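The data blocks that follow each hold one structure.
The two complexes that follow have chain A in common; it is paired with chain B in the first and with chain C in the second.
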Partner chain A sequence: MTNRPLIFDSWRDLPLEEVLRICRDTIEEGDFSPVLKWRETGGKVLGHFQVYFPQELAHAAGMLPVMVRGAPVDLLHADSRFGSYLCSILKSSLDLALSGKIELDMFVSHPICDAARNLAAVWSRNFDYPCQILYLPQNANSQGTIPYLRDEYDRLLRKLEEISGKKVTEEDLRNSIALYNRSRALVRELYDLKRSEPWKVAAEDAYSLVAIGGLIPVEEHIALMEWVVPEIHKIERNKEDRIRVVFEGAFCEQPPLDMIRTIGRSCYVVDDDFLIGLRWLTGDVATEDDPLYALAEAYIERSSYSPVQHDNRKTKEAMLLKRAEAAEAEAVVLASAKMCEPGLEEQVAYVLALDENRIPYFLSEFEENMSSFGGLELQVETFAENILFA
Partner chain B sequence: MTVQETSIVGRGNKEGGALFRRWFKSLDDAAQRGEKAAYVFVMGSMNEVLKAFDMNITFPEITSLQLAVRHIAHEYLEEAEDYGYSPDICGYVKADVALQLRKGEHPMGRIPKPNMTVFTNACNTYIKWGEIWERLHKIPIFTFDVPGHRQLGVHTQPGDKQFEVDRRYVEIQIKELIAKLEEVNGTKFDIDKLRETMEFTNQMSRSWARLLELNRNSPSVYNALTDGTVFLGVANGFRGTKEGADYFANLVEEMEYKVANGIGTTTDESHRLAFVGVPCYPIFRRFSEIFAEWGGTFVQSTYLWFASGGTNRGYQYDLDNPISSLAEGILLSVRDAMDSMFDQTTMLRNAIDEYDLDGVVYHPIKSCRTVSTGLADSRRQLMKDTGIPSLLIESDMMDRRVVSEAQLKNRIDAFFEGLISRKQQAAASRRI
Partner chain C sequence: MITAGIDVGSTYTKVVLMDSEGNVLTRGIRNTGFQLTRVARETFETCLEEVNLAPGDCSYVIATGIGRHQCDFKDLTVTELTAGARGAKFYFPRTCTVLDIGGQTMKASRVDASSKVEAFRMNDKCAAGTGAFLEKTARYMGYTCKEIGPLMETSRQSVPISGVCAVFAESEVINQLSLGTPPGDIMQGAIESLTTRSVQLMKRIKGQPEYTLIGGLLRFKNMALAVKAQLGTEVNVPPYGSCQFACAVGAAKLAQIRANKLGLTGQQNAGVAV
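Here is the complex of A and B:
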């Protein structure tokens, strides 16, 4: 992968504000030109649906792993493939592929929810390339879980070798893991910064920097982050009168950037679950011994949480309270994508836990293609003022 | 009607109803005694193992749908919505939340509180539902993970490397479940008792597969949607029991008798249909009547496949290797159930000839995204492959607020008009 031409380099030699604007525009406009560029130069692309995917496997096989996470687009084709009562991300993801905005050599989904588990079949009926399910374990607490997942990764890797035509060695995998460890460490550093000095980086900028990682080769993401994060550290800006909030509810469908921007005008978003799949592993993955086992072990033992994974050791409300406490948040923005069953169900547990712990929260729903935020801005402002001036 | 006909025809529905009432009575009695029950689901209930521990068992999907059939679901749904649950989530879950808040109050008797819940991943909402009980009742919950097929149309089989990886994982979980049940019940596991329950399931599975096969005959001997739902209730509630095995042996006898004597479920079987999805319980009888008024009857239903947990495969456990065979049987059956929801096109393609189908009715519902998400696309594929007429109508399994009988009837009437016209044209072209 190292000898390939760069596919996202327009940011180089530009000032920080410009670099951040380029990242924002790429994400906000649903611009998949880096992926198209990759394919034009003969590269193969693996599209993986939300939430988590071990990108190391695709990288080791010489493919570009791209997170398929919908986009705020007008639906041209997908509506006729689905029923009425569905979240938007499912439809817009398929639409991106049907309209040719994104071209793949393989699509992988996961049985994360009742709707998404239909995706592999729908996708298979509409495209000739392989569409598979990566069966991430739903029982996180069995003795058999990690060995099973290790073998499931192995199965998928064999398929990736077939598509890419590249035999993957253990050394290849270790190299890929090391690169992703570095990328994740940089993202963690960005999040540390969000928690410690949130006035230095706007929520939508931090979001875009992470989101870009789901579109471009990890090597390029590392280069971007290694330049941007120190630059953000250098910023000298005064803290403003805003409340510190955790945003919860964006584990799958993503809120529009404008919604994040709107919340950011009266709140510092000091932690969140935006694109949590790209930040699922919370520590480095071991690079010794069996790399597949190490990836499987990290998925179960050193990982975040979301409404679509059950783990007896991690009730979601307890994890949210921990997230809020660690970020010294004064309040929580509890949002759910419209028609998202796991998100909507989890909201009830979150509300009960926040009530019990007397943590203020702002309850909301969103859709990736919503475009009017006037009402939301007023409500969030009022919510923030109530806390600031209580 | 002969004496034999009087005694045998209709027996299945009568006995099914009686068994069903007895089951709910036993649950009510258990609740009155302060006993608890295992809460399980229709796809991968693990009844064989739970019955080996003599546990009371309740199926919340069934208790919920009973509320819709009795036209009181809205009271429960609204109560759960007042508690905080969204109108856009599964109606079964919401009805059950209200049932729990009402301490098990149900028109068929009091439902005991849970002491344990076991659920597979065949439906992701099972997992979210289990989490709700975990919070409400502070009980142990067991997620029984059954990896499904990885690619449309690619089915691994016993002996394949991938299948054996999956079987090993399932087998470990069975052993862990048994250990958890020993802890919850305070009794030792008896493998011979497990063999006994598995043998009853073997008998039931053979009968279930035969029952489905018998409706290939014309006239069809039962309505797969209405009668089929009665059969499903017994198949789930009495899986792994002697009563269940005997019931289905008798039912097969009844249906074979009807086949032998040309006794159909309707006097006017003009259009043989397959139903895809979950029934419209708020207007359960009326829904079928609208079809029957045009001479349409449901001879097959994907509901009989997935809501029986894949019992349609007729899988037979090897009682000499109970645990390993249970793992294999669960994998094969639950996967079959999942395919009936996500990839029913392949199965329907075969059913068109086997059941001499005239049309397919797709019924996506608001409440269940598992079953409904892919139906429009699946329908496109089936029509492209076979040209069979089909109808897609949306409503719900629980929530009468999204069921419009008039709109449904309009669509159904138009479907039959098209179907009749198509048949007339085909007949005319044959004459030419």
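Here is the complex of A and C:
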């Protein structure tokens, strides 16, 4: 992979503001130009749906893992494949593929909800390449969970080897894990910065920097983050007296960048669950012994939380309270994608826990194709003012 | 302790400096134009110079108005609704309803005893209920903004301008001109049309006396008279020249509250107050 030409290098030698703009534009335009460039160099692409996929597997097989996370596009094809009662990300993801905006060599979905479970089947009826389901364990607390998941990763790895034509060794996997460990550490550093000095990085910029990691080779993401994060540290910008909030509800479908920008204009978004799949593992994965087992173990033992993973040790509402406390947040923005059953269901537990702990929260819904944010801005500002001038 | 309120409006940028006793030390106003950040900073700096202060002497700055986010030395932004409520209460403490008519928006809000906005309504995206509507009407008839007030005072009998849309209203103005209607009567008709919309907004929020009218349009005294006539009750208007500054005054007052809450009693650098 390291011998391939760079596919996302237009940021090099530019000032920080320009680099952040390039990242924002790449994410906002949703043109997947880095992925297209990758394919032009003869590379193969694995598309994986939200929430989590061990990208190390595809990387070790020499493929580019791309997070398929929908986009704010006009639907041309997907409405004829899915009912109108389903969430937007499902349809826009398929539409991106059907309209040729993104070309894959394999697609993986997960049984995170009924709709996503059916996505691989619908996808496979429309494309010749393999479409698989990664059956992440439903029960995270059983003794057999980690060995089961290890074997499930192994099953998928065999499929990836078939497509890439490359036999993956344990050493390949360990190298990939080490690279992703570095990438995740840089993202954690960015989030530390969001928590400690949120005025230095706009919410939408932090988002774009993480999101770009789902589109480009990990080596390039590391290079980008290794340059950007220290540059952000150097910024001298006035701290404003905004309230600190945690944004919760973007574990699968992503809010439009303008929505993040709108909230970030009157609040400091000090932590969130944006693209949580790319930040799922909260610590380094071991690079000794069996790498597949190490990945499976990390998924269960050192991972974040979302409404689509069920682990008795980390109830979602308790985890949200922890997240808010760790980030010293004064309030929570509880959002949910429209038509998202897991997201909306979890809001009930979140609301009860926040009420009980007297943490103010702002409830909202979003959709990828939202385009008007004036009303939202007024509501968020009023919410913040009520806290500031209580 | 000095605080500042910066109201970056669509037409004018207003700045108010306030001391810890709530006295307005000075105020400044400039055309907003298209360089919002620069105009906000320059207006602020001019105000500081007038009272021999440096930016570091200002403990806390709140920006409000449509361009509030462009103010790069603020400590906080607040909506015009919150700032307007404080500003109205500053001039008239018994205010229960605020009507704010600016260059691009018209807002009616009901406020409680602690100056919190309980309910509000705004005109939608149409400019028909705003200063831009009057400005456009005047310009069509060959008058400048400054001539609107004197022009209205020449009115003997207003003509109805029923358009709820600024574009349609323009057609009505053309018709009236072709009928030989004096421009003063047309202008007065336009302001009465605007008044009707504003009274509707206040009714929708179940507005109660005392009513306080703020915003740039209130510098035309006919506007307040028309609102008073349609409401059938007395209305408050800040002293001449102050109605435009009400949001900036409210922002400065809120800055004071926030600075006190944070214990900022001494000198700070504007923009790094917390």
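One rule holds for everything that comes next: the second predicted complex is superposed on the first by the 390 of 390 C-alpha atoms of A that agree within 3 Å, B and C clash if a C-alpha of one lies under 4 Å from a C-alpha of the other, contacts with A are read in each partner's own complex, and residues count from 1 in each chain.
We take it that a contact is a pair of C-beta atoms (placed from the backbone, for glycine too) under 8 Å apart; a residue touches a chain by one contact, two chains touch by 3 or more.
In this text, all values refer to a predicted model and were calculated from it rather than measured experimentally.
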Fit-or-clash call for chain B and chain C when the two complexes are aligned on chain A: fit
Which superposed partner A:E152 touches (first chain B, second chain C, both, neither): first
Apex chain A: angle to the C-alpha centres of chain B and chain C, given in degrees as a multiple of 10: 110
Touched partner set for A:V122, first chain B, second chain C, both or neither: first
Larger contact residue set on chain A - chain B or chain C: B
First (chain B), second (chain C), both or neither touched by A:S266: second
First, second, both or neither for A:T382, with chain B first and chain C second: second
First, second, both or neither for A:E240, with chain B first and chain C second: second
Which superposed partner A:L344 touches (first chain B, second chain C, both, neither): first
Touching partner for A:Q143 - first (chain B), second (chain C), both, neither: first
Partner chain in contact with A:S84 - chain B first, chain C second, else both or neither: first
Closest Cα approach, chain C to chain B, once both complexes are overlaid on chain A (Å): 23
Contact footprint of chain C on chain A as seen in their complex: 238-242, 265-266, 378, 381-382, 385-386, 388-389
Chain A - residues contacting chain B, complex: 80-86, 90, 111-115, 117-118, 120-122, 124-126, 130-135, 137-145, 147-148, 151-152, 155, 307-308, 310, 312, 315-316, 336, 338-339, 341-342, 344-349, 351-352
For the chain C and chain A complex, residues of the former touching the latter: 60, 69, 72-79, 81-82, 116-117, 254, 257-258, 262, 271-274
Partner chain A, residues of chain B touching it in the complex: 83-86, 88-90, 93, 121, 123-125, 127-128, 130-132, 134-135, 141, 143-145, 147-153, 162, 165-166, 168-169, 171-173, 176, 341-343, 345, 364, 366, 368-370, 372-378, 380-381, 394
